[in-house]
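We just call them A, B, C and D in the order they show up, numbering each chain from 1.
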Amino acid sequence: MIAEFETPSDLVRAAQAAYNDGWRRMDCYTPYPVEEAAEAIGFHKDRVSLLTLTGGLMGLCAMFSLETWISTLAYPLNIGGRPTYSWPAFIVPAYEWTILFAGLSAAFGMIALNGLPSLYHPLFNAPNFRTGATDDKFFLCLEALDPKYDASGTRAYLESMGPNSVVEVEY
Amino acid sequence: MSSEGGNGMMRKNEEQKALTLDQVRTKLEGVKGKRYWRSIDELAGTPEFEAAVAKEFPDAAAEWVDPVSRRGFLKLMSASLALAGLAGCTKQPDEPIYPYVKQPEDLVLGKANYFATAHPFATGGVPLLVKSDAYRPIKVDGNPDHAYNLGSSDVFTQATLLDLYDPDRSQHATVRGTTTEYVEFLEAYRERLNAGKANGGEGLYFLSTSFTSPTLQRQWAEAQKAYPKAKLVQYDPALAGTAFAAGLNPQFSLDKADVILALDADFLSGAGYPGFHKLTREYAARRKNPAKGMNRLYSVESTPSTTGLKAEHRLGLRASEIPAFAAALATAVGVPGVSAPNYSWSAEQTKFLSALTKDLKANAGKSVVIPGIYQDPSVAALALAINKALGNIDATVSLAGEASTSGDQIAGLKGLVADLNAGKVDWLVMLNSNPVYDAPADLDFKTALGKAKVSVHLGSHIDETGAEAIWHVPAAHYLESWSDVRAYDGTVSVIQPMIEPLYGGHTAHDLIQAMLDEPQTSAYEAVRSTWKSTISKGSGADFELGWRKALHAGWIEDTKYAASSAATAATAIKVPTPSSKDAFELIFRPDPNIYDGRYSNVGWLQELPKPVTNLAWDNAALVSGATLTKLGVDEGDILEITVGGRKVKTPVLVAPGHPDNSATLHLGYGREAAGRVGSGAGFNAYLVRTSDAPFYTTGTAVKVEGKWGIAVTKSHFQDLRSKVEGGDGSGTHSLEANEAETRGVIRSATLEEFKANPGFANEGEEHPKVERDNTLFANWEYKDNAWGMSIDLNSCTGCNACIVGCYAENNIAVVGKQQVRIGRNMQWLRIDTYFEGDLAAPKAHFQPMACQHCENAPCEQVCPVGATVHTPEGINTMVYNRCVGTRYCANNCPYKVRRFNFLLFSDFETESLKLMRNPDVSVRSRGVMEKCSYCVQRISEAKIEADKENRAIRDGEVVTACQQACPASAITFGNINDKTSKVATLLADERTYSVLADLNTRPRTQYTAAVLNPNPELAEAPVEHAPAKG
Amino acid sequence: MAQIFDRSSNALARMSLVLTGLIVISLGVTLDQLQRSPWVTRQGQRPDQPVPFSHKHHVQGLGLQCQYCHTSVEKSSYAGIPPTKTCINCHSQIWTNANLLEPVRKSWATNESIVWTKVHDLPDYVYFNHSIHVNKGLGCSSCHGRVDLMPLMYQQNTLQMEWCLNCHRDPAKNLRPVSQAYNMAWEGPSKEKPVWCSVSDEKTGKPTAQSVDCQTSEPGKVEVASLSMAGITLPTMANYTKFTSQRELGNYLIDHYKIRKPNELSSCEVCHR
Amino acid sequence: MATKDIKPEDPRIDPKTGEFRVLAPGFTFKTVTAKIADIVLTPTTSLGWFALFSVGGAVATLVIVAVTWLFLKGTGIWAVSQPVGWGFAIINFVWWIGIGHAGTLISAILLLFKQQWRNSINRFAEAMTIFAVVCAGLFPLIHVGRPWLAYWLFPLPNTMNVWPQFRSPLLWDVFAVSTYATISIVFWYVGLIPDFGTMRDRAKTKFAAYIYGLLSLGWRGSVRHWVRYETASLLLAGLATPLVLSVHTVISFDFAVAVIPGWHTTIFPPYFVAGAVYSGFAMVLTLAIPLRKFYKLEGLVTDRHMDNMGKVMLTTGLIVAYGYGMEVFMAWYSASHWEFFMMWNRMFGPMGWSYWMLIACNIAIPLTTLWVRKWRTNMTFMFVMSLIVNTGMWFERFVIVVTSLYRDFLPSSWGTYRATKWDYMTYFGTMGLFTALFLLFVRFLPMIPMNEIKMMLPSAKITAKAKPAVGAGD
């Protein structure tokens, strides 16, 4: 069951209210990030940063140990009289790989945690969703899985929040 | 699998060496591809074709015209295919093995043999020891046991190897241009000879280069008996008209000489001067340890030469002034009956003369005056007289016995031409000579030749003469045939063939022998019979034994000239008066690289930067800066030089120290039928050279339109910087030299300075001594061997022998003029020449510069794939097959000694060149960096032998190619960890310094600073010369 | 507006992402394996030869020594391919008209080489020297395998750089007494088959092989056996050391053959110039 | 900065701040979407686009011809020689990479600094980065002597048991540039995902919807997603910032680590980075000015942007100028003969002209004029200026590479450098390639991030109680 709102403010208030009324299986859909809405439905922390950190560390260790192994163990050579373990020179590639791995884990982590790709989604069945959600409309969705859900009651409940429209979506 | 496909071919050779020579020969003839290239080459040679190309691709045209890169250009498709293959990492093709059918007993495949022989050069034989790999000569070097050259050699000798394998050598006898067989010719020849028996050989003429072979002389003498009326004319363009050719051949020994005067004698720069190897060695020997005193060299010369530039005191005079100067000197030292033409000498010249006279007198008996062979005969006579007056005869000069007496060659040639024009010449047989190209212009030999009923040309190439002659017979190279020759001191060396004639060539011996009773006698038999008596006599020696001994040793005992001080009768010496001061003089000299033109088609020599000028691939009118200004031209402009109505167009180039108002023209260029390399290079100076003035004359020079793209391998600018900018403000010095001195690249002192301060070479902040412990990280330890090299700048005379030796040893590619012009020449070793002081009267420093094998090598650190690394023995080794070609190492090399294969420079097609290559060295392909390796292949060989015998490598067991060739033994190589080794002691010397020491690269190659021994009287600053633009 | 994709597409999309990853990885692995495969290295391939020469027959069957044909193996970088004469020495007597030997007779008659195809073909920029290997205690079979069991010659090992380095970095695992170099069946010492070595006067300038004496039978055993009947036991010769493992023997030979250190042996210029 | 030179009633001025507006008034969510998305979604392509594209494509073919010839013959077709082993290839490489930097700087650094104005230009700035890196990346690959072995620069297991040599700055480049390329693309794509969603939903044809749908990975704007998305892009920005600084630093190491006078100097890293940004912003202007003209985007890419970019150029230009000054000063102050001669030779040697060219284009002209605000907001002026600076920065690299090499330690081995037609073909070819790629981007992707613009609209403000939804923004 989704309700379409005109402005972000309306959405945020509606969401806040619903959350306070004990709804949990709910979500908001907006054309651009609206942090307030996220807070309103009680979504705060995400694990992307953690993933990134681990990724970065992996990159660092991987490259630095590779370099050390190659120049001291795999084929130690006298390069212009330099020591085989020339750590200052090894810093640069290690540094680059730290960033590479971190960056990739950030991006793919985000995508994975968001459960993307999900090319098909029930919401797209809603007649007004795709015209608005990525353009200029703001949606609040109360899901049928929520214990408080019942078709007529929920509709009435949403109506009460002054949306442009309320639509029930086939799951 | 790799782009060293080139060396794929190398490898194949290692098996193909097992090919019988017949097979090799058929290969050489048969190869379709080869014919194809030849024809393309011929086509591409024609002007129409070049014009067409020029229209098509304006800037590629140069490439087409340039013979070497033309080859590369044509190979494009094959190259690209190869590339595709490589990119796809396709597998190597199956390689065939050709084992012998019957393998010679003494042959161990993969191990080289060494044979003694000699190089019969016009100015005397050079005893050789030739390295032969499965009976293919692959390296020519001096005979280390021979007293004359002790293993040293020179550019010509080294290059004869490529001359042997020159793909453009004529491969068939021809008659009127159509291919025929040698026997055909022999038939006709015999017929003529038999016919001639009756009239004593009337109308039978021979024209040859000087007979250096005693056997040939004997054969001719006998032939003359059979055919009294047959005529022999000997003509060597570079020697005709010299006192040397006339038979005057005094022997100088410089080891006892404290004062040396060179009267236009360039005895330090190459085999062009008789006795070069010995003279240079003895000269250098007296300069190796200044503490023990050293000799002093004065030079009076008409064109700047390494001799003059090495000299403590040099006086540049126009060629015609030198006889007068010599006469003045003679009178000054008190030679009786010399009438010096009165001439107004400048203050500087007078000063020089008086100081010189004093010094010579002071060192009577310990001095020597060496006359230039390209001077008026009077100079030689005067020099002899002066030496006699100084009591140098038998001390530093000995008058040798029978020297090569080919009489007055020019008169002979004139006579021949007269007879030709008079129609007296029935048969003219030309032996190894090319008169159509190199005869004096006034004789117009070409037309005269047409008047001979039958003309025969025996030559290695179908050259200008070969094309004109009716018969052409391919000549055998000296490495292909039996003969003999006298060295400078008269010692006879037997010339033995290293390989069967590649193209079935024949020698003068065969043609002369054909006139005798047993015409079939081979050169081998002829040589044996010549020396039978000599070898057999004495302690009843068995001939066969003695003969084998002679072949093995490389010379025949007791054949030295008997020193006969039977002095020449003191005939009144006629001294020509100098030409008027404002007359423009032209000096003709054989080229330092290709001599009289006989080596035009040898790529190594064409690409070799000439001493002093560093000019490659061309000759030029060499003038002084002042003359350049006077003529109103710039370097590279074109002059039209006129001598008595004959004209030639020449590029201009400044030779620092050249006398004003005169120009030097080197002979040997402007060949039309030299081959793919030599044809079309430079201009032909013979066109303005006449029989009456073979070595200098007067003429005029005017600027004409256009530019002549000359390839000079080293930049030379005048230092026009003010003092503030870091210059010296004089405006007359060389920018490079001034920089080189400020940067401590070149360090030198006078004997006094040295005595006062022996450590002069390692002082001041620009010249720090290497502080081994002054380092951020631990020094790398070199435990077993640590290879190092010491180069004595006091000994090096810049004669270039080392460079050509390096070419041969390391399979270095020839890149062609266009590439040299944009700085892509591939020599691993170069001789840096810095002109110190006023460019009008400079002193020069010659610095051989190759990879320095720095212990802290900047190149290695920046190679992303580790293609250049240090070995445990401290060699900076270059792994060609690992190189991807980023060129970062070359950029980061402070010495700029790395060479990159920008294009496919190595020739992977030409069959004959494959036979020449050193099988122990990869032939580098396109896109690979290369550089001096300290001849690592020789080190590895020595190591393996030593390890097999379970011993350390002995000092002197490893000799680098450059060291081997050097006549001055300026280069020493060895293990610096072995404190007793020669190199270690030299590197410990106080005078030893490393170039760019302040970069802390720690070179393994270090230099011994030069010490000069000037005459105090002349020491102070020389007279100012008119500033000139350079 | 309707759906663009149907329900299945989600699963498909994720699957394809995973698959791409897998494909990339497996591609890498395949390539890595390919470069070591016989297809590249030519291991085990038997090229067509003018004469189907059997080393098995000549070595195992007739007991010919390796050097009988490969004459220069101890002297030169190049082991040497026998000239036709070597074949004719015997085959002028036996099998004088076997069809198989026609090429040999032809070569002998026409003085044209028999053109063999190279089996062990190193890249052209590699400079390998047989003599030093043979002289320092590396046996033929270590590189060429059991040639005496090869009816037709083929390449046993990869001959790739990593293979060379494998030994140059640790020669001990392949060294054997020089006297055993041509022993195709040599397996190295073991508990069952120990090896006894002794060093005689080691002075430089003398081939190392001569200063080390190794044997596979216990020195002096004979006497000991014969005398022990009389109840007397003699100590075995003191200066002989007994080796029961390749490692021990290898290290011992490294010392006495003066084998260079691994860093020297794996230095580039050793093989590339 | 004072605004007195512009009348306050000027519509471009935001009365509150007295600054130029970041966005022109009168935009709503809908109009933003329409404005940007429709540029792409219009079925008809303008003739101008085709004209330009075909020109770009034509020029790009030069690269193909030149590189084919190069692979057939070898690097010898270029002017590289002894002693100048590096030429156009490396010069262009550094130049292109430098240009790329502005993109990342705008999208990453300015994001971290919460510079909202960057939102309108970051998308195509990033696109510019990627295409610049593509052009740059071409050069190191083709400039090696044996390109078919270039893969040896990567640490791949092989049968030779040999590995890359990690002390070489060239190898550092490999990692720096490859990382830079990857991260830029990822960052760029992540930024595009929501807009792909929008495009999908506005697409007029099924096919377009399908493609954009795939690319959007089914984005539906859930606020949960948005939160993660925000974190991710913030992190990426945070990573891209040190990355972009490191990349040109590493590239400057190619020179700084070498011993050659004129290369061997510690000032290179900062001066290279500054130079990179300098040229980068110049290139952004070169692109932005025509774009906003053709596509009437003055409302979204306002004079504020021009003004700010002008300021950034001024700043970085001054840093670069300081760098040049420092080089000269050190040449004198270090009392090192090498440095002194190198500087003298750079200025008055045979190739001095190139040095004065760079001084003129990078310092004399821009740093005197960019102070004037009126000129900073004059499009023709800025466009010309951007071209001048790009030329100047190219010459900077020319001076560094060539004039340091052609006369180094040993006077005997001095040489010179004269570019061949193949050098020029390759260089201009990459420009064509760049243009072509960029035009494709403009045609098929939203060149301005809609979601980020929407965030900036006044109507995006969350207010306590409901407000009648009227045209926001004025």
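Annotations
The rule is simple: contacts are C-beta pairs under 8 Å (C-beta built on N, C-alpha and C of every residue); 3 or more make two chains touch, one makes a residue touch a chain.
What you are looking at is a predicted structure, and each value in this text was computed from that prediction instead of being measured.
Comparing per-chain C-alpha centres with the mean over every protein C-alpha atom, the closest match is chain B. Between the interfaces C-D and A-D, more contacting C-beta pairs are found at A-D. Taking each chain's centre as the average of its CA atoms, subunit C and subunit D sit 58 Å apart. Each chain gets one centre point, the mean of its Cα atoms, and the points for subunit A and subunit D are 29 Å apart. Taking the mean of the C-alpha atoms as each chain's centre, subunit B and subunit C sit 48 Å apart.
Averaged C-alpha coordinates give centres for subunit B and subunit D that are 57 Å from one another. Looking at subunit C, residues 1, 4-5, 10, 13, 263 sit in touch with two or more other chains. Each of residues 161-165, 167, 171, 200-201, 213-214, 217-218 in subunit D touches at least two other chains.
Multi-chain contact residues of subunit A (touching two or more other chains) are listed as 75, 77, 79-80, 82, 117-120, 124, 129-131. Contacts between chains leave no pair untouched here, as each chain touches all the others. Taken in their complex, subunit C has these residues touching subunit B: 40, 42, 47, 72, 75-78, 80-85, 107-108, 111-118, 121, 123-125, 127, 129, 131-132, 135-136, 202, 204-208, 211, 258, 260-261, 263-264, 267-270, 272-273.
Interface residues of subunit B facing subunit C in the complex, by the touch rule stated above, are 1-2, 4-11, 14-15, 18-20, 23, 91-92, 94-103, 108-111, 784, 869, 871-872, 875, 877, 879-882, 920-922, 933, 936-937, 939-940, 944, 947-952. Taken together, the subunit D residues at the contact with subunit B in this complex read 71-77, 79-83, 85-86, 143-146, 148-150, 152-153, 162-165, 167-171, 174, 254, 257-260, 337, 340-341, 344, 348, 405, 408-416, 418, 420-421. Those residues of subunit B that touch subunit D in the shared complex are 3, 59, 76, 79-80, 83, 86-87, 714-715, 721, 725-726, 735-737, 739-740, 742-743, 745, 766, 819, 822-824, 830, 832-834, 847, 849, 858, 861-866, 882-888, 890-892, 894-896, 898-904, 926-929, 995-996, 999. Those residues of subunit D that touch subunit A in the complex are listed here as 28-30, 33, 155, 161-167, 171-172, 175-176, 178-179, 182-183, 186-187, 189-190, 194, 197-198, 200-202, 213-214, 217-232, 235-236, 239-240, 242-243, 246, 250, 253, 450-452, 454-455, 459-467, 469.
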